[in-house]
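Common to both upcoming complexes is chain A, partnered first by chain B, then by chain C.
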Partner chain A sequence: MPALRRSDWYDLARDLNWNLSYVTEDEAFPEVMSNNYGITPNEKWWGWDEPYKVSYREYVHNQHGKDASVYSVNSVIARSRMFEELDPGWKSAIVAHYGAIAVPEYLAGLGESRMGRFGRAAAWRNMALFGTLDETRHGQIQTYFPYTLLDKEPRMDWAHKALHTNEWGAIAARHLFDDMFTANDAVSTAIQLTFTFETGFTNLQFLGMAADAMEVGDLDFGALISSIQTDESRHAQQGEPTVKILVENGYADVAQRLVDHMFWRSWHVFALLTGLSMDYYTPLEHRSHSFKEFMQEWIVKQFLDQFRDFGLEPSWYWESHFLPELDWYHHALHLGVWFWRPTVWWNPDAGVSPAEREWLEEKYPGWNDTFGVYWDTIGDNLRRGEETKTLPETFPMVCNMCQIPVVTPAGFRAGKLESPEPQIHIHEGRQYVFCSEPCKWVFQLNPARFAGHTSVVDRFLGGEIQPPTIPGALEWMGLSPEEMGQDATNYAWAFEGFEAPGAAAS
Partner chain B sequence: MTPDATTKMVGPVIRGADAEMAEAIIEAIEIDNPDKEIVVDDRRGYIRVSCPGECRITRQTLSEVLDHDVDISEIEPALSAFAGRIRMTDDAIVWYLERED
Partner chain C sequence: MTVASLAWHEAFAVDELWEGDFLDLEIDGEPVLVVHLVGGAIKAYQGVCPHQEVMLGDGDWDEDTGVLMCGGHRWEFDMSAGVGINPAGCTLYEYPTKVDDGVVFVGVPQDGERHYNRCPGS
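What follows is the complex of A and B.
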């Protein structure tokens, strides 16, 4: 045990602020790197005090132990048949996870290191240094684990590849993460990445899926992602003191807007990634909760309590848009992802066998009438041997904010939207299409930030993708025929409870 | 609304893969919060331990339960998340919420 208690020296060691004399404050902390939102002079930020404290010595000790534990599990399992015996839908969930998450973790390290330099208090910069090391760990470990599975599943290389391609989901992830931290200033990053995204949403994918992983028997993945989240829960605490300084200086409206902006964007990407994994890809017998139930536990209850404790309130869209979408949005995305399955790097599991449909109806009353009917038609086509009718010949509209296909007709049919039409907005002569009012609202908060981006469909229609065909677009997305998604169970679900094809003739 | 929805529960969410520490934290929290009803929700991948309003764990109790000295910071590898806000000293961690409505 050290001779001194941590509190005896902690503030002195980590709170080394000083007044600048060789350069101006603006030169040392340019607005583009660190927006002070009008809170000057910089001394007003020096009261920044992280609630979750760690010294460098403690950090190194803990991180060493975490890695030793997680890599041991990976090493023990490496020569087993555990992966081969996993359910095909679950394998899809983790192939999707690694592609969507591994490189963004590395990018989050850029955001953390920006706070490590441009955070407006020494204590904050100290915490962000630990955050930088954390995210470096997450990037490395989530490229290494899939690397160890390459001989069993070649598409594990999408852990490294996905974010370097123009695959549409990768574009959606890049657009979100660029907005949140790669191209964000330090103050906004603390509120949007650490407070909104990490205190709120990452728990869904990293702990909700850890619960499912332990049920499924995927110890490797479960041990990995739950360990990562122990880092997140610490460095996410950079959000609270930043929110407090904004609120104490009369800028609660700024904090609220930053949270509202990133909450909505995070929700849409997690509906796409976690929603499909939990409610369709995880084997039925191992589902611990539905996606909606996890959302209610981690977001609607836990995260809401936290941000209300600072005097913030649920966003203007909470009751009108967010809560209703919990019942339909990810179901609509799942239909689309399955139908456009050649455009993703994993094998979408339809997850609509008779027993699974019963579960969906129980968890989402009315599912059979709203979404089941689409699957009835798809199943009929497959049973008639008309697979081509279940594959795309063109592309859907894509939202100019979240970069996710527009699924408003399904929301309208589910009785949750007043119109099946998307939101249209004209800005400086260009027409933008949005999937929802909140996506349009985020655009209008800062049009200059978003206006220049072109969606996959904009690029397709603009002639950037040649030849302008489905195969041309798939090649542009970086998907070889071997990599394109296929139904995870080779349509077994469509024949459950029906005679197998050819059986009648035998 | 159900009673669960109106009561603000706070406390740690412990990593399920760390069984010994998880059991020790639960036991220590039961000792350190004697007047509170402790709710333990075991999801295997994670274990949510909750108290209404405020939840405390001390270094001394955790050391006694584990039967060896620990720093309070050694909880971190097991602390995947938490409900409420956190306050940390040399000797204790407290999870809490202030707003009552």
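What follows is the complex of A and C.
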């Protein structure tokens, strides 16, 4: 053990800030890499101080221990039948998770390394170096674990493949993560990735998910997620000191705008991934709370506290758009993802057996009237043997910001939107479609950043996808027939409680 | 604050909580973490982390060093004194305790205030 306590030498050792003389500040920290938002000279950033401190020696020691333990859990479990015995809905949640998250972890490493070079204080660059190593580890571990499951579930290769395809969910993830960290400057990354996304969403989600995984008996995933969370929780702490510097220098409005922008975008992708997992894919007997309860008790509470602590306000859309969406948005997405199941790389679990519907109605009063009726029709069709009626023939509109299908009619039906119409916006002669006012608002904040992107539907209509048919589009998305999603339980849910001859219920 | 302004709540019998263990309790509607330190002292602190209010009882507890690490973001507290080690300078709210006839009591001030400290991102 070192003879000195960390606190005796730490401040001195990390104080590597100095004034530049051979180059200008702008040359060393160009705005595109590190937007100081007008806070100059650079000394004003030197007070940046991370709350939780760790030395390089401690870091390496800790990380080595974490890797040793999580990889040994994996190698023991690989020889067991644990995976085969997991619930099919849970497996789908895992396959979806790996595809959407593994490669973005590497990308987060790019964002971290940009902060590691262009962060405006030495202490910050030091933290971001650890963050870079963390995210590299997360990318590796989350491509390796699914790799060890390939013989049991070939679609585990989507952990690596998804982000390299044009699958629509992968485009939505890529669009979000490029905006948040791959193509973001260091200061904005600290507010948007570490403060908004990691502190606000993923760290809390990972805490909950690790517990859920243990509940359903997925020790492998549980160990993985909790190991990742221990890193996430540390490097996420780059956000708070950065917000503090902005606020102290009179730029609370900048921090507010960056948070409002990324909170909304994160919320939509979070609803898509986590909303479906929690309320439909996780086996009923293991659900400790609904997605809405999780959002209210963890995410909403934490954001309100953070807004208060740092002198920010709840986002302008908080009461008017965000809170109402908690009641309907992810239910609408679930219906859409299940119906368009050939377009995703996992097997959507309908999750609407009689007992599950009762739970949904209890957690979301009115669910039966708003969403249950669609599932009634789908169930009827399946029981009549008319599966084709439960499969898509066209594509929905896709939002030009979140890249997620527009589901406004469901919000209107649920009584939460004034109109079923999407938001239409014309910019430099091109028409853009948005699923919500906040998505349109994010576009308008910085049109030059977003205007050139074309959504899946723009490309379809623009003739880029040939042949312009559903099979043509599926091929363009990288989905072979074997990879396309199917109902996770082979429609067992539709026959539960029905004594149809030849029913698949068992 | 005078003793008269405290409401004493019976928490548990001393022999229910071994040395080196801790208990997560709700007392008078407030989350309270009671620790029985190696050496015998019994201390009661705010049950939620002063950083972002994750339950301290869900953290990692090292009974030998008396250090508790919050599961939220790894903050460490020396539970013999209720002070932050990493980061330093963040103190836990401490409730008075007393042992009477083998029973541990926790005192809750009747002042209408919330009994926990916060150290957001400091």
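Just so it is clear, the second predicted complex is superposed on the first by the 495 of 506 C-alpha atoms of A that agree within 3 Å, B and C clash if a C-alpha of one lies under 4 Å from a C-alpha of the other, contacts with A are read in each partner's own complex, and residues count from 1 in each chain.
Here is the rule we use: a contact is a pair of C-beta atoms (placed from the backbone, for glycine too) under 8 Å apart; a residue touches a chain by one contact, two chains touch by 3 or more.
On a predicted model such as this, the values are computed, not experimentally measured, just so you know.
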Given the superposition on chain A, are chain B and chain C in a clash or a fit? clash
Once chain A of both complexes is superposed, is A:230 in touch with chain B (first), chain C (second), both, or neither? both
Quick one: classify A:319 as touching chain B (first), chain C (second), both or neither. neither
Just to be sure I read the superposition right, which of the two partners does A:65 touch: chain B = first, chain C = second, or both, or neither? first
Give one of first, second, both or neither to describe whether A:244 is in contact with chain B, with chain C, with both, or with none. second
As a test of reading the superposition: which chain, chain B or chain C, is in touch with more residues of chain A? B
What is the contact status of A:376 with respect to chain B (first) and chain C (second): first, second, both, or neither? neither
In the superposed arrangement, which partner chain does A:253 touch: chain B (first), chain C (second), both, or neither? neither
I'd like to know which partner A:51 touches here: chain B for first, chain C for second, both or neither. both
For A:464, is the partner it touches chain B (first), chain C (second), both, or none of the two (neither)? neither
Have a look at where A:26 lands relative to chain B and chain C in the superposition and call it first, second, both or neither. neither
Common interface residues of chain A - those touching chain B in one complex and chain C in the other: 6-7, 51-53, 203, 207, 230, 233-234, 237, 240, 301-302, 305-306, 309
Once bound in the complex, which stretches of chain C touch chain A? 51-54, 71-75, 86-88, 118-122
Okay, in this complex, where on chain B does chain A touch? 5, 8, 13, 15-18, 43-46, 69, 71, 73-74, 76-90, 97-99
Seen from chain A, its contact residues with chain B in the complex are 1, 5-7, 51-55, 58, 61-62, 65-66, 69, 73, 203, 206-207, 209-215, 219, 222-223, 226-227, 229-230, 232-234, 237, 240, 288, 301-302, 305-306, 308-309, 311
Footprint of chain C on chain A - complex, ascending: 6-7, 51-53, 199, 203, 207, 230, 233-234, 236-237, 239-241, 243-244, 301-302, 305-306, 309-310
